[in-house]
Each structure stands twice: as structure tokens, then as C-alpha cells.
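Shared chain: chain A. Partners: chain B in the first complex, chain C in the second.
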Partner chain A sequence: MSSLLQNALIWHILLGLFGICFFVAVLVGLTRANKSQKFLKISSLFGLLSFIGSWITGGYYYVVHYGNVVKPIIKEGAYPWAHNILMESKEHIFLFIPFLSAIVFLAIWLGKGRFNKPVGALSFLIVIFGIAIALMGMAVSGAVR
Partner chain B sequence: MNWQTFLVIAHIIGTSLGVGGVTLSDLYFFKILKRGKISEDTLGLLKTISFAIWIGLIILTLSGFGFLILLRLTKPELGVLYSPKLWAKLGIVAIVLFNGLIMHWKVFPLLESNVGKSLNSPEFSKKAWMAFTTGAVSFVSWYSALILGAWRTDFSFLTISTAYLTLVAGAIIIINIVGYYLIKKSAKI
Partner chain C sequence: MKSKILHSFIIGAVIAVVFIVAITIAAELMLPLKDFLKINFYHHWIGKGVAALGIFVIIGVLCLIFPLGKKDYWINFWIWMLVIAAAIGSLAITGFFIYEALIK
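Up next is the complex of A and B:
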């Protein structure tokens, strides 16, 4: 694997984790009695940027390396379901996480605190999806032996 | 310093912040119950400790995934990613995360609404189980993660989950009994 691909994989994982952390911060911010709009705005902005970054780096790794090199190894190995089920699910869920993040970001930046409940529910969904995708990614990585 | 050493140090710092924070916050919480009242300062202190625990959780998670990236890139043949202990630790960290969110969503507002009041009120007593239960889950989970990280023996996922859930259930029962006893006792003082 080239160093560019290695970096793409590393940043895909790290930015995805940062994204989850920032949306956890949005959730924690929403639980406060005195909600700081500034804190919510910054957390949602960085959360969105992190997921977009993770999307681009992960997409590059997937298109250039995963499909040609990793996928055949997994499909011929002991855990073909790692690709057939987990990677297929991961791909599809991952496609709309940045869109969900963008909705939360816009609702916080333009909503002026009017949409706290839906923003909280969507952020929770993003965190759940983010964790599920991280775990699926680990299981897929573990299948490459 | 190589990446392995850096990650080990970060992982230890994250765990220390979490385990230390959760121990301190539980001790302070029992002190509050013994006193029967919560002050603005004590609540502020609990929030500061909670912030340190969140930072610990972030450092722990990032360094943990750092280890996985390092192994994936250098020794994929080890198959460490399918270790039952690793998945048990990940499960526990996820529980710590959601438990922390419940604490911020339910427990801190409960404490905030009772600042300066007697904790032996029907309103507080009715909801105090949430504080005791999340405190117990947090305490057992952080210590379990620490023990699993340090214990070099391999256990099956079922063994680890059973032991963990038994400890969580035991801690929830004990902390609820002790907590309600302290609330009642504080009213007599």
C-alpha cells in the first residue's frame, strides 16, 4: 500500500472518530440548562467538516485500493460476510452521514435554538451510526489476513 | 518516541483520567448524600470531574483506534481485530459513552434543580435511582476496561460479558441501597 493510501485510511478513521466526538459534544451541549449556541455551532461545524473529510479520504481509499486489492482477499478468506454484509451496509450508511450532519449543522446555525429536540435526536442517530460504522470497519479490517 | 510508545502513554493517560475521575465523582456524590444537600460549588466540581472523564474517554478511544490502525498496517496477519477481549472492551467503552450521555441528560439537571435544597425530598428520592444506577454503571465499566486492558489472559466474550454484567447488576443494587440509606440518614441529622 502506498503512503498516500495509508494516510487516506488513517485519516478516514481518525476524522470519522473526530466526527463522532463532535456530535457527542453537540448532545452534551444540548443537555445543559444554559445552552451555549456558540458551543453547539462550533461542535456541529467541526463534526460536519470531520465527516466530510472522512468521506473523501475513505472514498479515495475505497475506490483506488479496497475494491481491487482488499475485497478479493476478504471474499476468498474465512470471513466473506465481512464484505458481503458489513462493508455493503457500511458503504450505504456512510453515504448519508454527512447529509445528516449538514442538516444538524444548518438547524443549529439557522434555527437559533428552535429545533433542539430534532437536533438532539438526529445527533444521537449520527453517533449511533458513527459507532456502528467504526465497529463494522474494524470487523472488515480484521477479515484481511 | 515511536508510535507504539506514544499510543501506550496516551492510552494510560485516558484510562487514568477516566478511572480517577469516576472514583472521585462517586466519592463526592456519596459525600453529598451524607450531607443531605448539594451546593453550587460541589455541583461545579462534579461537572469539572465529568469534563475530565470525557477528555479521558476521547483520549482512550483515539489511542485505542490508533493501536488498531498500527496493527492493521504493520501486522494484519495477527488477526487481533477479532480478539474477544478487544470487542468486550469496545462494548464497555460504548456503554461508558451512552451512560455518560444519560448522566448529562437526566442526572445533572436533577442535581441542578436540587441545589441548596434537602435531598430527602420526595422529588429527589423519586429520581435518585437514575443517579445511583448511572454512577454504578460508570464505576464498574471504567474499572472493567482498566482490568481488561491490564489482564494478559485470554477470556471468551461470553465469560467477560457475564462477569461484567454480574458486576454491573451487583453494583447497581448495592449503590441504590447505600444511596437511599444515606438520603434517609441525612434527614435525621
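Up next is the complex of A and C:
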């Protein structure tokens, strides 16, 4: 694997984890009695940018390397379901996240604290998706070995 | 205007999420659709992402043109719809791939 692909995979994971952390920060910020709009705005902005970065770097790795090299190894190995169920679900649910993040970002920046309940629920869903996708990614990586 | 921008793009996001679920399942059931995405976008995943982004932007801009009402009730309603669509959509995608891999 080239260093470009290695970097793409590493940044995909790191940016995804940063994105989860920023949306946990949004969630915590929304539950506080004294809500800081500045904190919420910065957390949602960096969360959105992290997930867009993770989308691009992960997409590059997936399209250029995973399908040609990793996928055949998994499908011919002992755990083909790791690709058929986990990777297929992960890659498609991952498509939701930038849109959900963009709406949290817009609702916080334009909504002036008027939509805290549904924005909190949406942030919670983003965190759940992020954790689930990270765990599925770990299982898929384990299936290659 | 800020409320209208928000309202418009939430509707765009709901439709984009529903589209992703529909095209994911449809492309697995109709291989010519998957091939069309591969041929035109290099990879089916890129095709789905680009099409969903296009729908998000086009629906968002179209909703900006038409009157939607400025009541916060409807913005709340559409954010909840997005939560429900994404939650059910993720279960539908996972359930579909479990069915395809283990049951079919």
C-alpha cells in the first residue's frame, strides 16, 4: 500500500474520531443549563469539517484500494459476512453523516437556540452512527487478517 | 431569511437520506443501475454520494424559491423527520444486507 493510501486511511479514522468527539461536545453543550452559543457553533463547525474530511479520505481509500485489494481477501476468507454485511452497511450509512452534520451546523448557526431538542436528537444519532461505523471498521480490518 | 435557508436545506437533507436508502437497495436489486453508476461516476459509491449531494442542493435551492412558511413548528417537524428518516434508513440498509448475505 502506498504512503498516500496509508495516510488517507489514517486521516479517515482520525477525522472520523474527531467528528464523533465534536458532536459529543455539541450534545454536552446542548444539555447544559447555560448554553454557550459560541461553543456550540465552533463544535458543530469543526464536527462538520471533520466528517467531510473523513468522507473524502475514506472515500479515496475505499474506491482506489479497498475494492481491488482488501475486498477479495475478505470475501475468500473465513469471514465473508464482514464485507457483505458490515462494510456494505458502513459505507452506505456513512453517506448520511455529512448531511446530518450540515443540518446540525445550520440549525445551530441560523436557529439561535430555538431548535435544541431535535438538534440534540440529531447530534445523538450522529454520535451513535459514528461509533457504530468505527466498530464496523474495526471488525472489517480484523477480518482481513 | 435565515429560517427559510434552514427550513429549505432540512427538507433537502430528508430527501437526500431517503434517496440514499432507495438507491442503495435498488442498485443491489437492479444490477444495470449499479453498472450505470460505476460507468458514469467511476464507482457506485461516488455516484450515490454525488447524486445525494445534488439532490440536497437542488431541493434546498428549490425550497428557497417557493414559500414554506416561517413558523418554527415546521422547522422542528422537519428536523425530527430527518432523525426518523436516518434512523429507519440505517436499519433498512443493515437489514437489507443481512437478508442478502444470510437469508436469501
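Keep in mind that, in the parts below, the second predicted complex is superposed on the first by the 145 of 145 C-alpha atoms of A that agree within 3 Å, B and C clash if a C-alpha of one lies under 4 Å from a C-alpha of the other, contacts with A are read in each partner's own complex, and residues count from 1 in each chain.
As a working rule, contacts are C-beta pairs under 8 Å (C-beta built on N, C-alpha and C of every residue); 3 or more make two chains touch, one makes a residue touch a chain.
In this text the structure is predicted, and so the values were computed from the model without any measurement.
Partners chain B and chain C fit side by side in the overlay (superposition on chain A). Of the two partner chains placed by superposition, A:52 touches none, neither chain B nor chain C. In the superposed model, C is the one of chain B and chain C that contacts more residues of chain A. Look at A:95: by the touch rule set out above, it reaches chain C but stays clear of chain B. By the touch criterion defined above, A:5 reaches neither chain B nor chain C.
Contacts of A:142 after superposition: chain B is touched, whereas chain C is not reached. With chain A used for the fit, chain A forms the apex of an angle whose arms reach the C-alpha centres of chain B and chain C; rounded to a multiple of 10, it measures 130°. When the shared chain is aligned, chain B comes close enough to touch A:28, but chain C does not.
Of the two partner chains placed by the overlay, only chain B lies in contact with A:17; chain C stays clear of it.
Annotation: superposed on chain A, chain B and chain C show a minimal Cα-Cα gap of 18 Å. Residues of chain B that touch chain A in their complex: 54, 58, 61-62, 65, 68-69, 72-73, 76-77, 79-82, 90, 94, 97, 101, 104-105, 108-109, 112. The residues of chain A lying in touch with chain B in their complex are 1, 6, 9-10, 13-14, 17, 21, 24, 27-28, 31-33, 127, 131, 134-135, 138-139, 141-142, 144-145. Residues of chain A touching chain C in their complex: 55, 59, 62-63, 67, 80-81, 84-85, 88-89, 91-93, 95-96, 99-100, 102-103, 106-107, 110-111, 114-115, 117-119, 121-122, 125, 129. Those residues of chain C that touch chain A in the shared complex are 2-3, 5-6, 9-10, 13, 16-17, 20, 24, 42-43, 45-46, 48-49, 52, 56, 72, 75-76, 79-80, 82-83, 86-87, 89-90, 93-94, 97-98, 100-102.
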